[in-house]
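Each of the two complexes below includes chain A, the first together with chain B, the second together with chain C.
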Partner chain A sequence: MTAASVTTRASARRRWLEMPRARMAGSPKVLPAVLGLPVLLWQAVFFAAPLVFLVIVTFWQVKAFRLEPAFVLDNWSRILFSTTFQRALVHTIAVAGTTTLLATAFAFPAAYTIAFRLSARARDLAVAFLVVPVFSSYMLRIYAWQIVLSPEGIINAVVGAVGIGPLPLLGGAVSLQVGLLTLTLPIAVLILVFAMAGIDRTLIEAAENLGCRRARVIAHVILPSLRPAIALTATTSFLLAFGDYISPLFMTGSKPPTLSILIVDTVKSGSQWPRASVIGVSMLLMLALVLGLGQWLSRGRAARKEAAR
Partner chain B sequence: MNGTLATRLSRLAQYGLLGALFVFLATPMLVIVVFSFDANRFPTIPWGGFSLEWHRAILADPMIRDAFLNSVLVGLGTAALATALGFAAAYLDFRHRFRFKLPFILLVAVPPAVPATILGMAMLAFLSRIGLFGRLETVMACHVAIATSFAMAIIRLRLNDLSRDLEPAAWNLGASPLSALLHVVIPFCRPALIASFFLSAAVSFDEFLIAWFVGGVHETLPVRILNLLQGQVNPKINAIGTVVLVISVALVLLAQRFTGVRAGRRPKPRSGE
Partner chain C sequence: MPTPFIALDKLDKRYSDHHAVKSIDLDIEAGEFIAIMGPSGCGKSTTLRLIAGLDAPTGGDIRIGGDSMRGVPAFQRNTPMVWQSLALFPFLSVVENVAFPLRMQKVGAARRRARALEWLDRLGLAGMAERNIAQLSGGQRQRVAIARALVTEPSVLLLDEPLSALDAHLRVRMQTELSRLHRELGITFVYVTHAQSEAFALADRIVIMSEGRIQQVGRPQDVYRAPANAFVAEFMGMNNLVRGEVRGGSGGLLEIGSALGTFQVPAETPLPAGARGDFVIAADRITLARGADGPGISGTVLGLEFVGSTQTVFIETEGGAEFRVQKQQHEIEALDLVPGRRVTLSWDPRHAWLLPQAA
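Moving on, here comes the complex of A and B:
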């Protein structure tokens, strides 16, 4: 490729990019406003305002079972220093952390097989099969696990027939992870499959031509280029597991309670809105922290040095 | 290809793990469907024989019928509105530069990432203050706030494949921005619009926490199921579950059919290259 052809292509591209903008200056701004305002209003009223109000309510007071505007820090101190909250926070972080590790560890080899071993047709089918559970009936599938794992359930009926005694499968940490992996695994695998499919195959072929064995290719080519995707998989899994309400409710019977269980119980138990809001806002802060950490990890050491300069 | 024993074992382990993953994901769905036709009251092995008793029972249950109707109404409304709003957001992102664009896009994109427990509680607290608590329209409005994110993503992906100069060409030929939008952009986006309609309906049809918080006495089907699950063992649950499962799987598959999302390299027509 000659230098001249590169310049022509670059200037051509510049022209292509600029043309719409130049044209926009002359066209009325009515259409974008008409399109944008409804979206803005809708998301403001039904998404942003509720969350802002949630933060405000944490400073309000409950007097004679009625919520009253005020500015007190009492709710925050009561919740943050209560052992119930602290225990639930530690428990929820531990549970979500475990799910994150398990989901990433299981998803990686599965995604690898889908992306690099299956034919294009089989890969499309696998992806279609993984997308379905992301959007369908999570609550029902947890209920189905109850049927499978309960003391009178399917597994115990099978092992009972050979004389093994009802196993306490339901209600422990294992069943909770079964539930949370039902939630997180399909998404974790999908993120990694799409990231792996996007890796430049010539890099892999180059490494193989240079005599790298598969394990070295994975360690030195595939893993480094997947860094952001792995960080995204981990943060997504954590986010889903951390906020989930259904698995803790049905797989462990809310014992010990996670933060989501605590929120719903606090709301249900009457008018303790400010305290429930404190738990909710704390959870959001916690998640923001995790997302930030994921961003930081996904950048990699070299990029971080670059940014620090 | 198949060289050493180690390679073959490694392949076997890879396919084994993938198989195990699919069994793990398929098991709960199969359990629901299989036991909905079980004559026993409590779902376990051995199977009590084929029966349509529970499917008939849900047809006769007025609460379930009402909940189903509510779900359909909320789902259709959500699908239509989320697709329209999602298209507007995706198109603005594609075509225009404006101040506060990133916050605007985030405002649409972020809602599904907020845990539904927190979002549901926040919506209940705020919307009950402005007198919107306990209405079916409110459930729909809240579902739209979440589903628009998915609609925007699907439509934005499709717009990536639209040549950036097609619209300016239409303007040069004298089309107004509106008629270029109607005659160039929207026809091009049709598959994505259909896909986001189905997917938004699926998101709404599956959502239960927000519907539970803000719906009051108006139960959608998933909320009805949640309330049934918290009570006694009820053999009707598997039958409703089967209906819900069939509908939401059908919606997701329809959505996929129209997006053509593939994990692979697809030649992407990009302008200027």
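Moving on, here comes the complex of A and C:
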């Protein structure tokens, strides 16, 4: 082998190695698109397509327990004008609204204590205790509450020992809220803790320096700084409570029914997939409305004025 | 002598992990512009926070207008501060930010707005009242922060490195602005900075701190010409420190022997032979001559550095010491100073300053 041939081989290899680099040079535009493609595909297949199908199904018909493609408005008019649906809608909004208020009201002082009053180590521990339930089975937590609240449960055993009860703790508005708060409260507290941890401490000191007493700092600095986080807490709580199926089923025995209970009932009674879809689409519209409201509220007054200009 | 407006009396602050302020005493007169300087971690910002009541001292006392501030919370002190980060409230408009302290004092909405607008006007922000903070430039935000601090017409303004976030051009403009405000208002300004140029340009007196202790207090030119110790001399930057030992002396001049040779240094009180005789010579007091054979210290030019209209010449002497010499551009040209050029340094003995030796 001559020296010349070695040189040629080396240069050829160099040229081969440089080729992909040359193609990479054009990548600034191509690469992000390529990387984004799987996500787009995933969204299209598993989110957009079912959603479109859900809307299409609302116009289909059920004949002899069989779903048939059609274009009828019958499902929409029957559901929207039925008192069952209207009552369930009002009930679900009332329940989810109550959960939203309770979750936000309970979460705020808890988050304030964790973020501002605890030492760094205690804070980490508290956050860990909040994260664990979020990842444990919701079903399991509801069963636990059933054991606590049922007529033969822990609370009734305790109050029974002093001659009270048994109290009807399970199967009412209170037990439903207990169940829904089990779902929403840890998340609400977490959102607020992280938002409070992000507040610039200099702002609080500046307020005190400018004559704001400690107690007024919450109203004048912390609350205004948390505006977007409070809106996020409220919308998240509402969305979770509004669509929840497990708490209404196990804590109240589905009476009165919420919209998610109604969907299951509609499907079970005569395979009314189209009507169940109508309820589903109505729920989605409701959620979109709430999200929009949350977005609007999270913007400050000044920013809203700016947008209106 | 009148009682000082702000008096720090054996003020001490100890954190769990370090001793930030070590029993300092300082009297600040009413209407004075005082600058506290020092390297980062010297305790200057902690001192300011203690005056504002944002931290509680672990010892000593602060008196403002003769009253002890012990147990007085920050919100009752009326010692507004301009923060390095400005700490403007992003959720309030410009005018609401400025009116905030008045709102805390329960001043009526119409009145506080009028007064806030007045201050915005005074700082040249008349048209910005309804803007969001995010829409302002750095210099405009700076002015909002100053207006917000002054709107309650306090008798003292605390400033914690207020100009460090601005670019050089704006910094000079804001210096002029602060100087004007101080003159017009006649109130006490306590200004914490690490920038010598700001302190020199603004302050009546400067306080040099290091490691929690006050090293020197005095008028800028005095601190510059007559540093109290080696730390201050080196912190002032443009001084050359020569370490030596007293050999003898007569007629107000001490003879000091050092690694670089023997020098005459003026001294108010005679020192015995063998005492420490460290002295400084300011960079702008040194005469340079071409060639290495003249009287004085011979050395080699290492490099030059532009500082505006003057240049700093770095020279390594025969003995291995490094000297800084400040010269006008035309002098540099006349001497044809380039790196590697041999030069001789000399100075008038009267310009040398003997450091007061720690006994």
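Just so it is clear, the second predicted complex is superposed on the first by the 271 of 309 C-alpha atoms of A that agree within 3 Å, B and C clash if a C-alpha of one lies under 4 Å from a C-alpha of the other, contacts with A are read in each partner's own complex, and residues count from 1 in each chain.
Heads up, the rule we're going with is that contacts are C-beta pairs under 8 Å (C-beta built on N, C-alpha and C of every residue); 3 or more make two chains touch, one makes a residue touch a chain.
Note that the coordinates shown come from a computational prediction; the quantities given were computed from them, not determined experimentally.
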| item | value |
| --- | --- |
| Simultaneous placement of chain C and chain B on chain A, clash or fit | fit |
| Which superposed partner A:S119 touches (first chain B, second chain C, both, neither) | neither |
| Partner chain in contact with A:L284 - chain B first, chain C second, else both or neither | first |
| Per-residue contact with chain A, leading partner among chain C and chain B | B |
| First, second, both or neither for A:V221, with chain B first and chain C second | second |
| First (chain B), second (chain C), both or neither touched by A:T83 | neither |
| Shortest CA-CA distance in Å separating chain B from chain C in the superposed model | 10 |
| Common ground on chain A, meaning residues reached by chain C in one complex and by chain B in the other | 214 |
| Interfacial residue positions of chain C with respect to chain A in the complex | 52, 54, 73-76, 78-81, 83, 85, 87, 89-93, 100-101, 104-105, 132, 148-149, 152 |
| Chain A residues within the chain B interface of the complex | 12-13, 16-17, 19-21, 23-24, 27-28, 31-32, 35-36, 38-40, 42-51, 53-54, 57, 106, 109-110, 112-115, 117, 120, 123-124, 126-145, 147-148, 152-154, 157-158, 181-182, 185-186, 189, 193-194, 197, 214, 239, 242-245, 250, 260, 263-264, 267, 273, 276-277, 280, 283-284, 287 |
| Complex interface listing, chain B residues touching chain A | 10-11, 14-15, 17-18, 21-22, 24-25, 27-29, 31-32, 35, 42-46, 81, 85, 88-89, 91-92, 95-98, 104, 107-108, 110-111, 113-119, 121-127, 129, 141-142, 144-145, 148, 164-165, 167-168, 171-172, 177-178, 181, 199, 202-203, 206, 208-209, 222, 225-226, 229, 237, 241, 244-245, 248-249, 251-253, 256, 261-265, 271-273 |
| Partner chain C, residues of chain A touching it in the complex | 200, 202-203, 205-214, 216, 220-221, 224-225, 227, 300, 302-303, 306 |
